[in-house]
Amino acid sequence: MFGHVKDLQFEAKPDGPDAAFARRLQEILGGKWGEMTVANQYLYQGWNCRLPGKYKDLLLDVGTEEMGHVEMIATMITRLLENAPLSLQEAADDNPMVAAIYGGSNPAHFIHGGGGALPTDSNGVPWNAAFITASGNLMADFHLNVTAEAQGRLQVARLFNMTDDPGVKQMLRFLLARDTMHQNMWMAAIEQLKQDGLEEMPVPDAFTDSKEFTHAPEPVLAPGDPRLYDTTPDLADDLLDDDAM
Amino acid sequence: MFGHVKDLQFEAKPDGPDAAFARRLQEILGGKWGEMTVANQYLYQGWNCRLPGKYKDLLLDVGTEEMGHVEMIATMITRLLENAPLSLQEAADDNPMVAAIYGGSNPAHFIHGGGGALPTDSNGVPWNAAFITASGNLMADFHLNVTAEAQGRLQVARLFNMTDDPGVKQMLRFLLARDTMHQNMWMAAIEQLKQDGLEEMPVPDAFTDSKEFTHAPEPVLAPGDPRLYDTTPDLADDLLDDDAM
Amino acid sequence: MFGHVKDLQFEAKPDGPDAAFARRLQEILGGKWGEMTVANQYLYQGWNCRLPGKYKDLLLDVGTEEMGHVEMIATMITRLLENAPLSLQEAADDNPMVAAIYGGSNPAHFIHGGGGALPTDSNGVPWNAAFITASGNLMADFHLNVTAEAQGRLQVARLFNMTDDPGVKQMLRFLLARDTMHQNMWMAAIEQLKQDGLEEMPVPDAFTDSKEFTHAPEPVLAPGDPRLYDTTPDLADDLLDDDAM
Amino acid sequence: MFGHVKDLQFEAKPDGPDAAFARRLQEILGGKWGEMTVANQYLYQGWNCRLPGKYKDLLLDVGTEEMGHVEMIATMITRLLENAPLSLQEAADDNPMVAAIYGGSNPAHFIHGGGGALPTDSNGVPWNAAFITASGNLMADFHLNVTAEAQGRLQVARLFNMTDDPGVKQMLRFLLARDTMHQNMWMAAIEQLKQDGLEEMPVPDAFTDSKEFTHAPEPVLAPGDPRLYDTTPDLADDLLDDDAM
Amino acid sequence: MFGHVKDLQFEAKPDGPDAAFARRLQEILGGKWGEMTVANQYLYQGWNCRLPGKYKDLLLDVGTEEMGHVEMIATMITRLLENAPLSLQEAADDNPMVAAIYGGSNPAHFIHGGGGALPTDSNGVPWNAAFITASGNLMADFHLNVTAEAQGRLQVARLFNMTDDPGVKQMLRFLLARDTMHQNMWMAAIEQLKQDGLEEMPVPDAFTDSKEFTHAPEPVLAPGDPRLYDTTPDLADDLLDDDAM
Amino acid sequence: MFGHVKDLQFEAKPDGPDAAFARRLQEILGGKWGEMTVANQYLYQGWNCRLPGKYKDLLLDVGTEEMGHVEMIATMITRLLENAPLSLQEAADDNPMVAAIYGGSNPAHFIHGGGGALPTDSNGVPWNAAFITASGNLMADFHLNVTAEAQGRLQVARLFNMTDDPGVKQMLRFLLARDTMHQNMWMAAIEQLKQDGLEEMPVPDAFTDSKEFTHAPEPVLAPGDPRLYDTTPDLADDLLDDDAM
């Protein structure tokens, strides 16, 4: 069960509007590795975790924090979308900056969203729940969670270099710090799983069929093998005369 | 910013496993009108609401409650997925009930989800964020919210008639009650918006271009008009001889 | 069974080309609340309506009209796509207006669509049929239809303010008028359903299980409850030393 | 602009309900090669056709007919969905036939659709507009239209062999006949395009850059080439000891 | 089983970077008719082909070649993405060319892809496998393959006219030549299928139900029929007074 | 550039048909963590890798091997789809096993695919390219690759327990062995990246803004905080009387 308070986890305001950067920020909100993904992924992993206790609690607690990051970024996008040039006429007055914003912003922010954040990536493609995985195997999923935090922090660091706005940069620094902490945390949790004897690598440890192949197979296709690719297959050679090709 | 406690908003356990019904419950979790939709829809509407105060608070509070419904249904699905027949051999022993469960369940629950809930509808199609709308116009969105609660309650009532399990029925009764309350609440909020002078129907009230057509146009295509559909168009008549048709 | 005549329901031509606005118009053609949605939604609701007579007829008639709106907007988009700047070289001659059109248009209009309308939204995301609902409950669906007309009219009004082209504005005025009429019509149809004794709010009226909870449950999480969110969960505290965070 | 009359293009009723076959029929309604695809594809090709006259008319007329096929199949599905077993308890009474129907039907037909047709394929995946193409080149698109009719007729013929219901078979015979006629028609239209001097194969005829390569390139990878695939790449050999593999 | 060598099938480098054209090139990489589609389509058709021999081999060989085209275009896109303007500040210095690139490029190339190609179309919509068909009927599928090559060559020809870069044009010429060759090849393969007595048009040849309708049905809706469309349906007339419309 | 030979990397045939298991095998072919994902992911990571040499080669080589796994599984599915019960009449003869297969198989395998493999998951949802990531950061992507192999091996192990067919089990053992080898290989590659000084954890190592927050922020919402969730928000209390709730 969830509760909500009005304060943002971290409060930051942009120094000025920038609809083109608002479009870019959408990637870490509703993109594949954005905050909607980590929030929902950790929560589903937590709900599906059949082992009560520290791992289940950790997943639900961190997932709940990430919901607050969704909120922070959505709020920032809404603030950046003020005063955007909406028509070509506004964009036309010999001002390349305005032309760049007009071309680089997402018109759906204004037609569909009324100047608010959209649950989409930076190209307006809606977030979908196939982005998340809750496999029931904590080791496999904690590795995915390390990845998710790494991909997320990478994107935040790139966005940090795409803007000069101090207020936006401040929010991105906060997110970078949380992603650092969470990367380290999931790696530590992997070690904890091993220490607790719950799972080992390779996943799944429990598969013990004695007949698993323990070595790589001999390659069927060895160097010098004459059975090779030819850009004009035999049938094509027969079917086509030279002029057609 | 969000908080989480371990208790479910309403605690219910199934009397026994039923993987086929677990598949069906997914519709109100990750289907178009499921709990993921209302939770995210109300939260985005709240975050994008530029008017601080009671409407913004209402949206965020109800969205937060719906997150708890996602949790309840996910938990119930996980409980229903115990002991399902996983192989055809288990399903084969002259038992039509087991055959029905095997055929009627979702194999991805076991291969992909490890016996946990999936963020999908009853056919395994992932939830996607195009299911939600936050238009920036409270009147348009409150009407959508009435619809969402009505469609949701309709589905819950149908599911209520698809199971005999007392524990499952108890949870569905709870959800029906909340959907009743929320339908009434959004209808009341529509009236409140009007009383506050914020918006009227038709939406958007603010559009006041004097040249809007105020009457329906004359129909171009009137009864008796000879310009009508013929299942064999002229060119097709020319192109084809009778035998081909 | 359908017929088609060549005339548009309302004839309008743009005063000049504008590929960037053509992209924006796509939202009301192939977006979530565009004309493809209302056309298909009303038709499916009509086909699935098991009660012959006035409601079924209304749905099919209005759905058929909306097919004509799809046609009008598709035709307008095709007309707006003439003479667009296709290469960076064309966009480069010290002309911010051309740069804005180049950046603000959808390249798929020219590569994929050959200068014609696409069945997508303003970001090139294809329309999909999950946008429509035909639940078999007329009350739930008529409420959705009110919403659809409200969201649609809202978007048309916003587009009206994003262009100066008189011909385009004339077509938008026509669509605004039809959306006004249809909003009023679905609201009147809701009243008619009640008068006919077919359905009441909350939907579904027919659910009469005596054990439905009639009051909201006591909240599990009350003010002052110590079981609250902490951004550094216990396990994380254990797992990480200060420097890592 | 479109009109609609209540009669189906061809009237057929099933002899009895069959929810499992109703699910299968969805493939030719809302699947990739179903009637929603051909209807929308021909209409968009018609609207985008810049050449007025017989080709544009043909596209719009046949597209309009296909809308009537959508209606026929949707109606048939609704009729087949009567009296389906909705709960496991109904499916359990030692009756393999009922178990097969329960397992083989689509639960969304009852939870989401209220016993009506859905705009999806046989697995409940929503139809999407990326299934259609209107490229602006009639020759390319007429070839696609031949394909669409061939794929569609193939599916109808397969469905014909999956049911014994005489009424359903009668409707499928009608659709087979129309698909035969349309396959022939689009092939004839291809010939007509050539005769009219509008386009030739290969598409696009108009591309006349003198430097197009007129022969296939020499294959870079010739028989005996030592640069070949080895299932254990060099780095992997270095990285892993034998036991790990 | 597949092998890979480092050489591209055809080596070409752009004369200079152009992030806006890189976005456009994505259409023939990950768009509906791009190289990912033909590669996967031919491979699946080959794997599913139950008849060993020349047709199966042809499909697998050409599919394998197309994998090399995916590689060529992905490599070219990566090369075009160098040195793009990433922030509005870079795009602002009174330079419409830079503004056009900033607006016309895809920000996901830099945030998500790190300056590499994405498996998406020109609008950033991910490629999906519904783009491919392998129906098990070679005649139906070879017709689709002709179409795929025609649509693909059409798009390449259009892109050829959207750039002045000699290196890019050289690669496009190569692709045009391969598409010409493949269009001709699939058309010749259709003739071969007929000569081998394997399949005829209309597809499927094998359907021989004697009761198939051999003529088009009488149209139900004939010229002069009074049952026609009226933009204000009867119920709407009753429900609404004039002012409301 | 790619080559292809007819041999499978590992040859295995089922002892008998099983259309229901064929549906389940689709998960590791076209599901989120199936072979299409790893094949395309490694290839895109390789093509986008700007550093020539061992890492780029490794990615392309392993990606090429995974293409051969796609082929193996597609071939196995085609073999399992023989002799499936296609109609309810076949499924009805008092045989729960046949009923289970009828209900548990995917009808699209027969209507759409002609008895061949489909590029979809176990529920018929098409594979899409958003499943893959190539971020341009090798450390982030190698962690994802570990995850992909772990999730894949987990699914194969689960499928191993869902069938008794010796031929199918043999193929799954082969895949398990390759997934074990690849998990180990990507973990070793992560260590290699560190030894080569190319990247460290947390990703991205290169971000060195001195103002990154180095500690977690104080939680805004502390235990005992009175600003908490109440299932009946204030406005709702005002709007609704008790009976309505």
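A, B, C, D, E and F are the chain letters, set down in written order, and residue numbers restart from 1 in every chain.
Going forward, a contact is a pair of C-beta atoms (placed from the backbone, for glycine too) under 8 Å apart; a residue touches a chain by one contact, two chains touch by 3 or more.
No experiment lies behind these values; they were computed from the predicted model shown.
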Report summary line: In contact with subunit C and subunit F alike are the chains A, B, D, E
Query raised in the report: Do subunit D and subunit E face each other with the same patch, meaning over half of the contact numbers show up on both, or with different patches?
Result: same
Report task. For the Cα fit of subunit B against subunit C, please give the angle of the superposing rotation, nearest 5 degrees. Result -> 180
Report summary line: Interface copy of A-C among D-E, A-E or B-C, with over half of contact pairs matching by residue number, is A-E
**Report entry** Chain of greatest Cα-centre distance to subunit C
**Finding:** F
Query raised in the report: Between subunit B and subunit F, what's the gap in Å when you average each chain's C-alpha atoms?
Result: 27
**Report entry** Mean-CA-position distance for subunit E and subunit B (Å)
**Finding:** 33
Query raised in the report: Touching two or more other chains, which residues of subunit C qualify?
Result: 1-9, 32-33, 57, 61, 64-65, 96, 99-100, 102-104, 112, 114, 123-126, 128, 130, 133, 135, 137, 154, 180-181, 184, 214-217, 220-221, 225, 228-231, 245
Requested in this report: Would you pull the subunit D residues touching subunit F in the complex into a rising list?
Outcome: 18, 20-21, 23-24, 27-28, 31-33, 96-97, 99-104, 121-125, 154-155, 158-159, 161-164, 220-221, 228-236, 239-240, 244-245
**Report entry** Contact footprint of subunit F on subunit B as seen in their complex
**Finding:** 1, 3, 9, 54-55, 57-58, 61-62, 64-65, 86-89, 91-96, 98-100, 102-104, 106-108, 110-112, 114, 123-126, 180-181, 184-185, 188-189, 191-192
Report task. Over in the complex, which subunit E residues touch subunit D? Could you list them? Result -> 1-10, 32-33, 128, 130-131, 133, 135, 137, 139-140, 143-144, 146-147, 149-151, 153-154, 157, 160, 173-174, 176-181, 183-184, 187, 201-204, 206-207, 209, 211-217, 220-221, 225, 227-229
Report summary line: As the complex stands, subunit C meets subunit D at residues 1-9, 30, 36, 40, 43-44, 47-48, 50, 57, 60-61, 63-65, 67-68, 70-71, 74-75, 78, 112-120, 126-130, 132-137
